[in-house]
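Reading through the structure tokens given below for one structure.
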């Protein structure tokens, strides 16, 4: 099975530069034969899906609602969970082998924090603004979200390096490995 | 976006004949460019995924646990929801445009019943045993699960006809349509 | 901790007789110091909550939406899960030590089927119509929903006997017992 | 219906001082006839439940697992959601009229962030350590978690004032009001 890469980031309006960087992340994921998971909506989610889709990747959106009305145009599959914004984000994180953070407001920060709880590797795309550029300041030793040191946050500042590192950090045995226990 | 076909049916040991029928359903879904959604485990789920996968289809498993340890070998993507058997089934139904029932015990019956609650079209593959061959007896007028008449259950007895009918019943505007309100 | 009794049954309009029987079930649960869990809406859910509330019981509704707008007037606590009708029902069943079925359409049948999957004891209040009076016909040996024989459905035809049996069937060590594994 | 007060804070070992403060918060909630919702486990959750329970309050735990094995001894009702730590926290927040934060690591921060997403009022108990004492530093204007300014975080440094403010901030029409839309 392919590596499942969850990409999280700001919805709504984003700058041209962030859009371009997100697009490149999608492209690199596709070129490496990863499957892209995102929240399936606009902003970073749309740009990254477009980049993946236009380079032969498979793109999945984990939607908050029961309908596809807020799905962007670059999804191969929209899972219409009906679980709401917050809980669908948890399903997205749970289903990812590795998580990439691009820009982001409080919703994105929430997702990083959930990834940390589940000990999922997180790569922060530095230089994309929002929480992606502030999160290091609130960590312990530049990388831990609390004393438990579940995982180290990692940082890169180009799309290629972000995606390379993501694939390196994803658990090797993508198929049948144990990701630890939540419940 | 492709039609999302949810296939539900018995886990665990199934007869050669049921396995073959499930395999053919998977094959037909793939040939029609549908995306196959299932519970991702063994039994009917494995056979249908194998049939789709070996004919170029894309196969998704909505898993009960947080790991892929019970995923069958024919999935392109396993969503490790960690929601448990019962709730992951609801996410599967919510994310399907149309549902196909093959054989099945109480768990499968539960999924049909959930599909009915959400007004999702259901095609029953007759002649596959289990609840697929008993469900008509408990319906009203051979097709409704209660007085509300949310949807008509439909029945076919060959893989090709089951899948043809499924694609005919799936809502036309697969992308942005409204599937009604659950919440 | 008190015994947690989940009561499931038809929403919407119900007959005077069913209303009275549901009310009596609520009353008996309260007199026995059980906590009443229900879907928190109208119909059977309202009648049973009223019976419990007017006899000093504590009544909880596991609501489908994020608001309390469809909560009946006899709840001490409405949990506004926002998970939708189908998934909130699973949370209700998961949180109950024992389940009582009164009347019911497809939604209620779905809940019994979920209870069976989780091996929760179910008491059917016979003579209340709907699925409560039809379910025996579709069981194996009058009590099992499929071959796995997870639990036996039990039947009584008066409110007192239904609730007595429910308390007898609830796992003894209500606090720290293991209810088996779903995930 | 009573005001539903969600209290969030560190699990596991906590200092005597934090334990005392959490206990007092529980006591004040009980004296004001609020219903206490928490994650139902040890640490802050246990101390606050003990305080409420010993002063006549009703205490509810929204548990991560399907069993009550990790429930503390001061719960009137444990809802065994089986949804896992992260998603059960969302159900807790969704079901609260107002949220009180005491101490806390990354899990608690995650819950505050979820509360903010849902526009639930949050009162931070200052002087209890952990994220409760650091969160102000990362807000905008001392109170917003991002530009959307969904809600203002509020701060108090004694149990009585924290609870008084919580009751003041809880939406007036606790029963049938609209808490906005998540899905």
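By letter and in written order, the chains are A, B, C and D; residue numbering begins at 1 in each of them.
Here, a residue touches a chain if its C-beta (ideal position, glycine included) is under 8 Å from a C-beta of that chain, and two chains touch if they have at least 3 such contacts.
Just so it is clear, the model here is predicted, and its values are computed rather than measured.
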item: Rigid-body rotation angle, subunit D and subunit A, from Cα fit (steps of 5°); value: 180
item: Rounded Å distance, subunit C centre to subunit D centre (Cα mean); value: 29
item: Computed distance of Cα centres, subunit D from subunit B, in Å; value: 40
item: Two or more partner chains touched - positions in subunit D; value: 66, 82-84, 87, 94, 118, 182-183
item: Overall pattern in which the protein chains touch one another (line/ring/star/complete/other); value: complete
item: Of all residues in subunit A, those that touch subunit D in their complex; value: 64-66, 82-87, 90, 93-94, 105-107, 109-110, 113-114, 116-118, 134, 137-138, 145-148, 150, 182-183
item: In the complex with subunit A, residue positions of subunit B that touch it; value: 1-2, 4, 35, 58, 60, 62, 66-69, 71, 75-83, 91, 94-95, 118, 174-183
item: In the complex, subunit B residues that touch subunit D; value: 66, 82-84, 87, 183
